[in-house]
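Labels A, B, C, D and E are assigned to the chains in the order they are written; within every chain, residues are numbered from 1.
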Amino acid sequence: MLQPEPGAMPAAMWAFAYGPDGIVERKAITLAEIPALRAKWPCLWLDIAGFGDVETLRGLGEMFGLHRLALEDVANLQQRAKAEDYGDHEFLVLRMVDPENQQETEQLGLFVGKNFVLTFQERPGDCFGLVRNRLQDPSGQMRKRGSDYLAYALLDAVVDAYFPVVEKTDLRLAEIEENVLAGRALDRVVPELHSVRRCMLALRRAIWPLREATSTLVRGEVKHFSAEVWPYLRDVHDHVVQLLDLLENSHEMSSSLMDLHLSTANNRLNEVIKLLTIISTIFIPLTFLVGVYGMNFKHMPELEYWWGYPACLALMVAIVLMMLRWFRKRGWL
Amino acid sequence: MLQPEPGAMPAAMWAFAYGPDGIVERKAITLAEIPALRAKWPCLWLDIAGFGDVETLRGLGEMFGLHRLALEDVANLQQRAKAEDYGDHEFLVLRMVDPENQQETEQLGLFVGKNFVLTFQERPGDCFGLVRNRLQDPSGQMRKRGSDYLAYALLDAVVDAYFPVVEKTDLRLAEIEENVLAGRALDRVVPELHSVRRCMLALRRAIWPLREATSTLVRGEVKHFSAEVWPYLRDVHDHVVQLLDLLENSHEMSSSLMDLHLSTANNRLNEVIKLLTIISTIFIPLTFLVGVYGMNFKHMPELEYWWGYPACLALMVAIVLMMLRWFRKRGWL
Amino acid sequence: MLQPEPGAMPAAMWAFAYGPDGIVERKAITLAEIPALRAKWPCLWLDIAGFGDVETLRGLGEMFGLHRLALEDVANLQQRAKAEDYGDHEFLVLRMVDPENQQETEQLGLFVGKNFVLTFQERPGDCFGLVRNRLQDPSGQMRKRGSDYLAYALLDAVVDAYFPVVEKTDLRLAEIEENVLAGRALDRVVPELHSVRRCMLALRRAIWPLREATSTLVRGEVKHFSAEVWPYLRDVHDHVVQLLDLLENSHEMSSSLMDLHLSTANNRLNEVIKLLTIISTIFIPLTFLVGVYGMNFKHMPELEYWWGYPACLALMVAIVLMMLRWFRKRGWL
Amino acid sequence: MLQPEPGAMPAAMWAFAYGPDGIVERKAITLAEIPALRAKWPCLWLDIAGFGDVETLRGLGEMFGLHRLALEDVANLQQRAKAEDYGDHEFLVLRMVDPENQQETEQLGLFVGKNFVLTFQERPGDCFGLVRNRLQDPSGQMRKRGSDYLAYALLDAVVDAYFPVVEKTDLRLAEIEENVLAGRALDRVVPELHSVRRCMLALRRAIWPLREATSTLVRGEVKHFSAEVWPYLRDVHDHVVQLLDLLENSHEMSSSLMDLHLSTANNRLNEVIKLLTIISTIFIPLTFLVGVYGMNFKHMPELEYWWGYPACLALMVAIVLMMLRWFRKRGWL
Amino acid sequence: MLQPEPGAMPAAMWAFAYGPDGIVERKAITLAEIPALRAKWPCLWLDIAGFGDVETLRGLGEMFGLHRLALEDVANLQQRAKAEDYGDHEFLVLRMVDPENQQETEQLGLFVGKNFVLTFQERPGDCFGLVRNRLQDPSGQMRKRGSDYLAYALLDAVVDAYFPVVEKTDLRLAEIEENVLAGRALDRVVPELHSVRRCMLALRRAIWPLREATSTLVRGEVKHFSAEVWPYLRDVHDHVVQLLDLLENSHEMSSSLMDLHLSTANNRLNEVIKLLTIISTIFIPLTFLVGVYGMNFKHMPELEYWWGYPACLALMVAIVLMMLRWFRKRGWL
């Protein structure tokens, strides 16, 4: 059933109707105004932000002939990225990074039909600024191409927005590595690594199914992308694969860093224990010795001789020297 | 052979016979009443709870022409989820979560024929409440569609019932993570993680083969699902894949948590050993020194001087200060 | 070359010749008696135990037209399970659990031709008792079906005999888990786990290639199994996959148990070291203090005052209390 | 858009125009001179070093009819290796080792058309010296073959240049292994292993996608390589697979070395702790004993006997001997 | 280019020309004598040991029409095992165990043409003794079959020669396991395991590509093996897969042994630390106590009472007993 998530924002629609001859941009358009735009312009991009308004969704569904299941997927968050062919329109779900708050991703539903592109995002704020600029540019080829090229441009923008986020995890790993090698902030290393891994896990969860979706497009299994757009889709797919490569790399890097850190921490512990052992091994026997001559037996002849004390001190010095030599031979000093 | 497991419950049958014109619900129906219902209504759903009554099973097998092997699979628990085509009917086995006691799963056998759906569950209590309500709703499209759509709705209910269970393991992991990061209840972390892993293992064992089964359905290799129902089956398959994604994610999360915990525990051990080493390294030499002046040699000149005791104390203070400085330089304090 | 392994037992043949009309069972049959049986009955099952007698093997090979390589595979143990099509007969090699001594597996070679089944086992004693009983049962359908159904029944018996063995490893793991969680018999945990892993490794090595073999049969790539028997073969294949699922599960379980155990052992070590540290940290400074007042300096004013001793004791109590408070604050007590 | 990376070098072009009849080499050729060369010679190799000059790139793109996306890939570094078919030309991107500074790789873009090969590298300095020599050699077959053979030769040079780099990581691992087994430089082992792993990760990231690219060529999915060149491409592909094999091997080796090192370090720690325990276990009881006879009680009869002191010494010697015997029995000495 | 490795041995050729009618064996044959043999006999096997003589290689290449790339592969060592079809001949490269020094493998190049088999090995000494004997045997079927059967026999010999080597690593693992379980030679376990792993890695690197090569042959993608020989090739392939199974098994075994060993070593360390803790925990407080009564305060009333000393001793015994009881309760004794 078409049930928006609780707390979803009301739908705000932003329309771009364009063709080779020009472009009309309308912010906050209403459902009733859409048919006129579709009639007049060859291509319409409708960007809906917020799913809170069921009526709008239903109205759009009827107007553009969207499949009930696809519409439900749009409204129910937590979808897995996928590309599905519903006969007279293509449906894609993706997760999109918010370029301003790179920690968060939001769900993007994208419909491509013969002369329209619909994008449904959870809330305003997206990575489509460049696409909007290119649409406004009269000399660009954006307006001359159809809805499939626009869909490609949007996809490309979504994928490219992941690169700075992925590179940031790389930077964080590099920083951790520097700290480990310099022996700094060692108690922060593991929580920090854990946090980076969480990020990478979230990213991989968002990007991995994207690979399957773009791979569907690249195999040409969808009808609404013309052959001219295929090389561009292949390019997008290559970028997705490259993102996964980078993540895989970071994952291996984080494992290696964990090994490095644990071994460093272990080395330090070993040194501490070695110090304890050296101190104990030297002083415990000496303490025993001085204890012997602290006993109160009546008949202890050594105590009476004038050379008793110096001899005892000399013996202790000899023991210390022997021990030090032995430690040095074992490579402990 | 058709041998119910020992201790199986007697079979209780619950029939829904429906068509676009209406619906008849009959609890505790007997074998003899079924043919009349089949003759009158276009579609029959028979929900059998308990496999203890071999005669009923055999009777149903003959009445609906079920394959002997499929019937055996129904009665023998511990089957692996699968979808099999037996010519004039489809057979599916699944594991179903009991929505009231989410720790337990029971086996569900599902037969789909031209105008019937049979479900065999181990015991009463299932996740089909919503489906029954939709059948009772005269305005819904459930009654207008055939047995394949009912089968889809049941499958969907089974798969959706897994989501709260999977999300609960996520919540438990999040709770453990919070404890680890806050350094609380550390001796409970590993048993708790072990218990979550057990749950995840059981869930994956139930869901993984489900993926193969729904994938068989999606590839359209089965005849009893019409093309109209295919997008719905694809939707179910997507949900199964999403469940596995979530589980995979939780699995990686639990590994990362284990690393985090072990490293935290290690850090604490290192601090304890460091403290031991500092205390020992400072006091063992001092104890030796006071031992020296506790010896009872007759001729120990230092003991006679009036400044002997204060000098000894001063020496000890100097040693302590030197050591503290050395520890500080090594970053131990 | 046809070279039996050294120490192989002489061949003992056990024949079942049957058809819808009846059955003849002959223990210790000789080569010369076989042609008469084959002429009279539609189907012949020859069960050969022991490969020590090359002449018998060669004689059977010629009589039934067996391929030289297949015959060599029968005689040479340590074969990998496989199913091979030699034109006029099918050849399977499997490893079979001895139901009486479940630790051991023996090699089973199985030939299926148009009207014969030959089974070659290393030594007498197998899991075919149920099949023999069903052959003797006049009302069963065993006699009415051909050699392919008999071959299925034998395969099924071999596969089903693995289930109790696999379940036993599960039981052993459950027992280890109980011990670990209760903190019992901790020094036995790892050797025990190692031993269970050995068992699982051996089982997987026996069952994994079986999966490929039955998968060959299920794909219908073999001619000697009729379409009626296919659902049965699929059933056998499902059982094999289920066995591997169970083993995989046990494997993950054993890893998780190892983690649990190591962490438990670590916890105990940490507690031991913490105790050592607490005792040392409290008493080493006190021992130093009493050492100070055990020195024999002439001029130690504290020693002369009447309140010296009580003050010293009070100081020590104060130190102990401070330390205990500090330990409590750090959560060590 | 065609946007060179910031800081890219200006383009320097180096042309080789050749045919069976001869060869013309032109360093620092300009765009305007190219058409004349193409008209006169059957095959042209243009080697462009530096992407800083957008006009040159655009001019080459128009002159040779290169696809806009391919040209963008050339200018944007950090591409993943791939082979793409653009109808009238083939496009490959690779990473190439600089033979003089083996730590660094640079991006190489390679276009193969009917009678031209274009190579775009980031900066001057490459591994094509041998190819240039073979082109200059009048007796070689290089000049007699077409542009596809030249492209193969360049690919082969790129792949072969990886072998010394991969072998160097092997040598570094062998050196680490020697150190570990000899117990030398143990605190350098893990950072060193970490650094080798980084190298291997970078190499695998460069070579792995290369495998997919050459595999595309080998499957004959590209039109611009004639059937005669296929065996050569297969040879290149085999080399790439061999490189990955070597890397995989080194990876396993590094894991095994890490295990070996950790276990060695652990052994040493255990010995240190064992020494500490032996010393403490022997001397702590003795120190207690001498403490007893250092007490100042008025009535301690043992102190008065003449044999008190020798008896005490004898007791201590006996304790030490007993302890040594016990340690020897436990295998600690 | 055809460049033999530096230090390669000169080529020594050993010819077997045979047919159903007889056989001629010629050691140290020259190039000039070969055409006569080929003309007279239906099948020729030329075994070349040593690649040092480029002229011989080139001469053979021309005489038998071998492809230039294949000939280069023969002369350049460190090839990956593969099977390649060059139209009028098949080319295989393998690594072959030297049966006398099982630690070493050498490269074997094998050409199969219509009526010839050429084998190129690095140096004399191989595992073909049995094949040569079977060729000499007039009653065997070796001479009656063509060059493809001979090639199979050689392949089979190469593969079978790996079995004793693989089994030897198993034996070494079994020996290590025995030592670990008996607690013997514990400091040798990890280096020993490391060395076994090296062996397994080298074996897997030699055998793994062999699997791909024989799999190519089994799929019937090569023309020079007749249908009659296919079952034999399948047999060879099965053996290769079995070798890999054994290696995989040994790999898992070695991991399990490592776990077992580490946990054993850990157990021992824990016991050592436990002993240290028990000794310290008992004696450190006692030593403090005797230190108290060793202080020289003037006014210590306890020292004056006649029962002071016995009471002190009794107190100490009580403390020891209490501690022992506490340790026993915690399960440390």
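Rule of thumb we're sticking to: contacts are C-beta pairs under 8 Å (C-beta built on N, C-alpha and C of every residue); 3 or more make two chains touch, one makes a residue touch a chain.
From a predicted model like this one, the values you see are computed outputs, not experimental measurements.
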* Structure fact -> By label, the chains that touch chain D as well as chain E are none
* Would you mind reporting the rotation angle for the C-alpha fit of chain C onto chain D, rounded to the nearest 5 degrees? => 145
* Looking at where chain C touches chain E, is over half of the residue numbers used by both copies, so same, or under half, so different? -> different
* Structure fact -> Whole-angstrom distance, CA centroid of chain A to CA centroid of chain D, is 25
* Structure fact -> In whole angstrom, the CA-centroid distance of chain B from chain D equals 41
* Structure fact -> Residues of chain D that touch two or more other chains sit at 269, 273, 276, 280, 284, 287, 291, 294-296, 300
* Touch graph of the chains shown: is it line, ring, star, complete or other? -> ring
* Asked: Can you list the ring's chains in order, from chain B toward chain C?
  -> B, C, E, D, A
* Structure fact -> The answer for chain D against chain E in the complex is residues 181, 231-232, 234-235, 238, 241-242, 245, 249, 252-253, 256-257, 259-260, 263-264, 266-267, 269-270, 273-274, 276-277, 280-281, 284-285, 287-288, 291-292, 294-300, 332
* **In the complex, chain D residues that touch chain A** => 67, 69, 73, 78-80, 82, 84, 86, 187, 190-191, 193-194, 197-198, 201, 205, 208-209, 258, 261-262, 265, 268-269, 272-273, 275-276, 279-280, 283-284, 286-287, 290-291, 293-296, 300, 302-306, 308-309, 312
